[in-house]
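There are two complexes below, and they share chain A, which is joined by chain B in the first and by chain C in the second.
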Partner chain A sequence: MTRDEVRGAILDILSEIAPDENIESIDDNRKLRDQMDLDSMDFLDIVMELRKRFNIEVPEKDYEHLATMSGCIAYLQPLMLKKQVAN
Partner chain B sequence: MAYDVAIIGAGLSGLAAGIRLALFDKKVVLIERHTEIGGLNSFYSRKHRTFDVGLHAMTNFSPRGARNTPLGKILKQLRFRHEDFRLCPQETSEIRFPGKSLRFTNDFEFLTQEVAEQFPDQLDGFLKLSARIREYDEISLENRSWISARRVMEEFLSDPLLIDMLFCPLAYYGNAREEDMEFYQFVIMFKSIFLEGFSKPLGGMHYILHLLADKYRALGGELILGNGVESLCVENSRVTALQLEGGQAIEASAVLSSMGYLETLRRCSPAPPQATEAAPGKMSFMESIFVLDREPRELGFDRSIVFFCTRPRFEYRVPGELVDVTSGVLCCPNNFRFPEPLPEGILRLTHQANFELWDRLPRKEYIAAKKECRARGLAELATFFPDFSDSVVFIDSFTPKTIHKYTGHIHGAVYGCPDKVKNGVTPVKNLFICGTDQGFLGIIGATLSGISMANFHVLQGHR
Partner chain C sequence: MARNWLKGAQSAYDTVVIGSGLAGMTAANVLARLGHKVLLAEHHYNLGGLATWFKRKGGHILDISLHGFPIGMMKTLRKYWTMDMADRVIQLRNIRFDNPQFCLRTTFDRADFTHILLERFGIMLDVVDEFFSTIRQFNFYDELKMTTRELFEKFFPGRKDVWRFLMEPITYANGSTLDDPALTYGIVFSNFMSKGVFTYQGGTDQLIRAMKAELESNGVDIRTHCLVEKIYVDDDGVRGVRINGDDIACNAALSNSNLLTTIHKLVGDEHFDDGFLKEARRVRLNNSSCQVYIGIKKGEKVDYDADLLFSSVADEYDTDKILSKDVTSRTFSFYHPFIRPGTNRYSVVSSTNARYEDWASLGTKDYGRDKDHLIQTTLDALSHYVPNVRKIVDYVEASTPKTFKRYTLHPSGTSFGTKFEGLKISRELPQQVAGLFHTGSVGIIMSGWLGAANYGVIVANEVDKFLRSVNSQSPVEAVTV
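What follows is the complex of A and B.
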């Protein structure tokens, strides 16, 4: 997956979790929590969706990497790449 | 059949837990003893009319876009849009005591203004109390030491009448304990009623419950109706199977039970010692539903809900007689902002009642007592409200005995045990409690309870 594809996949998850939010205007370098009013329940959903859609397990100690969009991409892109190779 | 999770009880907490688990591909089965879903907040039909039970109104109203309120949280966790719930907000409600009245709406400023006018010397304390409540984290899952709500109120307010008036609605809508309330529960109720407020879904409980059940089924969840759990087989502190009344056995890795803490433990085989140690709840109610031949407003009933007490001091406890008619709740479903007026006028009158006394009555006396208590309730009401008896076209009443029959709660205790199990943990390792006895109250609270317990114990796996 390219960087843009990973970003698109995360946006898909966010729009599913928060259908009322405007996800077009997300600033990749600001915390998602501040831009979208996400709480710990939402982060659980992001992690659960990653497991469901891409079979990626994010351990609790790594949740901090998911704080911003650019953090998500940096953390997830190599994992998604591995999945593709494995497939 | 082997499942990841078996959920006992298809009320709001069970349905919500079911949706969460099915959403993430868990193999889930939801087992309901009755032929209809809903549990404590359900509905029934008589003579072509469908009535809600339990629900006077939904508390915790917050407008679209408020994502961090309890309503906002359940909508996003269950993947619904605000408009899916079709919530119609209240007009004005009231707390009516002898010589004093406090009106409130879904705008907290309105109640603050009422307090300023009715209890000017208490305003400062009231504002400080509300600030304390706003900053309190009431939905933390940690069990904390017991704090008396009355004691906290007394720290801020010196007028016992105002204390009683604020306590009355919160007790009626969610207090399992007699006389006093645990502070965090008081906070839940205060926020849900005064800071957030009331609404009713268009189509009533029937609509909301089926919205949830349809989503649950669409996600692949299984629903068994009309077949209760007879016993939970326990070996080495784990539930190994659920034995159903219909004879089948169900295996599941984890069990979430919404039938009540003691009710659940007592069905464990063998039952853990805690099944007889904890005290069951006792607070129960009688309610009469009056269908009117006109809009209640025409008869002088223009409030959405009135919490009243005809005596100077409000008492919340199991009465020494069948019902205590000196305080109660009068709900008028017509006075919510529905897009179209409801087809008929309805008033619902709720009083505190004594399960044991009702339960003792033989059938014939039971029916006579219902009539008699209803008449006493109306006579007491007439000292405070206009008389509407000439406009009644249909009446139905339920008692603590009815509640016991349909919910299985010991003593027909609507709000379950006074001591809640906030983290949902039981002495049996893979068995967890959700719903009333977990301690998030009200309809939105029960839903949030199912979500939280499914997240915490199954999806995050805090076992």
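What follows is the complex of A and C.
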């Protein structure tokens, strides 16, 4: 997956979890929580969706990597690549 | 011959959810949506646990725990249930207090509480602001030794009237006391303060019916009248369960039964480490409740402008007095016709926190007498606010900790699960027995409709992770450098 595809996949998940938010205007380098009304349950939903859609397991200690969009991409892209290779 | 309530059930499921409280049902729904084969077993004939209601002759529908929950429930219903359920969440704007220290009305949100603390109690704005921002920062995983009493002593020293204003509703909501960890108070209170108190339009019966339909549409096999008697465990972990004498295989058992029942009875002490058991034995059950259900005659109305009334004749807030059988504090939930549009009916439910031991030891005659006393004194108390209540009442019934025990099977009829230490034990079960999970009212925080439903999701996430790991395809492990 390219960087843009990973970003698109994350946006897709976010739009499902927070349908009232304008995800188009997300600044990749600012904390998602400061730009959207996301609580700890929403982050849990992101983790569940990543497992469901991409079979990626994010351990609790790594949740901090999901704080910003750029952090999400940096953390998830290598895992998605690994997944493609495995398949 | 007795009906076979398991007729047509499969011999194996990915997971069996034991008990259909809001935590069990929400977990079952999330797991089914994630593609797992789920059996939901409930010993009672209704789903819902303490999110329940009952009907009585004369068209009465009486709710046990409908009023009220924080705004977060709307989001929880939208995400883990349906949009239609979320749309039925409505605000209760009339919350009243009446006691020897103060008599007031509030919308029960931060803005209004700040105003009241300033104007009515004479607290400085910066103290109020600092109090709110302190409790907002509490997290359930914080190691915080401070008790709620110490928290109040720090911000409002000696102000027992303020303590009561801040504490009484939360004691009603989750059974917590001044001696419980401050973070349990802070998290729950902050949740309410964000927007106020909410309820579900349509009533508990509508909610549970909608949940049942949603569970079925997601493929959950729902079985009522089905008591899980045993969780089978071998060296590799959970293997199955025994329901009504029949064995059903499963890789994971998610118990929405009481935490201590799950450990000591359903699984058995021999499957746990000594150290873990020692800690589990220190888990205290939370207290139970008494309720009086008052159904109003058709065509009559309750002329009192409140949704919730925290009433007390006790001089000050006192945990022992609140639990005492000699009742001084009652929370009245007023169910107005807007709760069930079209029915034009009223009911009032009085709730008091109570101790199991005060009721369990009574003989039949004394039990009946004390129950009647509870009903009569409750009607007397209510007549201060609704003077004609004895004229318009059509049906009255009381429940005690024994009643709660009978319907939920919870030890000592606990209506708020376990105290704070139960949360850690609940979370650590899977490390003791692979495939064993618990959800439900624990640790005071994971309590009430919102806490229970969200804890169901939190644990469903763990169950999903586990089930995927035992199935063939192992996930890509994230490795941090």
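By our rule, the second predicted complex is superposed on the first by the 87 of 87 C-alpha atoms of A that agree within 3 Å, B and C clash if a C-alpha of one lies under 4 Å from a C-alpha of the other, contacts with A are read in each partner's own complex, and residues count from 1 in each chain.
The rule is short, and it goes like this: a residue touches a chain if its C-beta (ideal position, glycine included) is under 8 Å from a C-beta of that chain, and two chains touch if they have at least 3 such contacts.
These figures come from a predicted structure and were not determined experimentally.
S.K.: Just chain B (first), just chain C (second), both, or neither: which does A:A67 touch?
M.R.: It touches nothing on chain B or chain C.
S.K.: More residues of chain A in touch with chain C or with chain B?
M.R.: C
S.K.: Which holds for A:K82: it touches chain B only (first), chain C only (second), both, or neither?
M.R.: second
S.K.: Which holds for A:L11: it touches chain B only (first), chain C only (second), both, or neither?
M.R.: Once the two structures are laid over each other on A, A:L11 reaches no partner at all.
S.K.: Which partner does A:V58 reach: the first (chain B), the second (chain C), both, or neither?
M.R.: second
S.K.: May I ask you to decide whether A:M1 touches chain B, chain C, both, or neither, giving the answer as first, second, both or neither?
M.R.: In the superposition, A:M1 touches no partner, neither chain B nor chain C.
S.K.: Residues of chain A that sit at the chain B interface in one complex and at the chain C interface in the other, please.
M.R.: Correct list for chain A: 17, 39, 41, 44-45, 48, 51-52.
S.K.: Would you mind writing out the residues of chain B in touch with chain A in their complex?
M.R.: Chain B reaches chain A through residues 23-25, 64-65, 67-68, 73, 76-77, 79, 81-82, 451, 455, 459-460.
S.K.: Hey, which residues of chain A end up touching chain C in the complex?
M.R.: 17, 39, 41, 44-45, 47-48, 51-52, 54-59, 61-62, 65, 75, 79, 82-83, 86
S.K.: Which of the residues in chain C come into contact with chain A in the complex?
M.R.: Going through chain C, the ones touching chain A are 30, 34-35, 72, 75-76, 79, 454, 457-458, 461, 464-465, 468, 473, 475-478, 480.
S.K.: Where on chain A is chain B touching in the complex?
M.R.: Residues 16-21, 37, 39, 41-42, 44-45, 48, 51-52 of chain A touch chain B in their complex.
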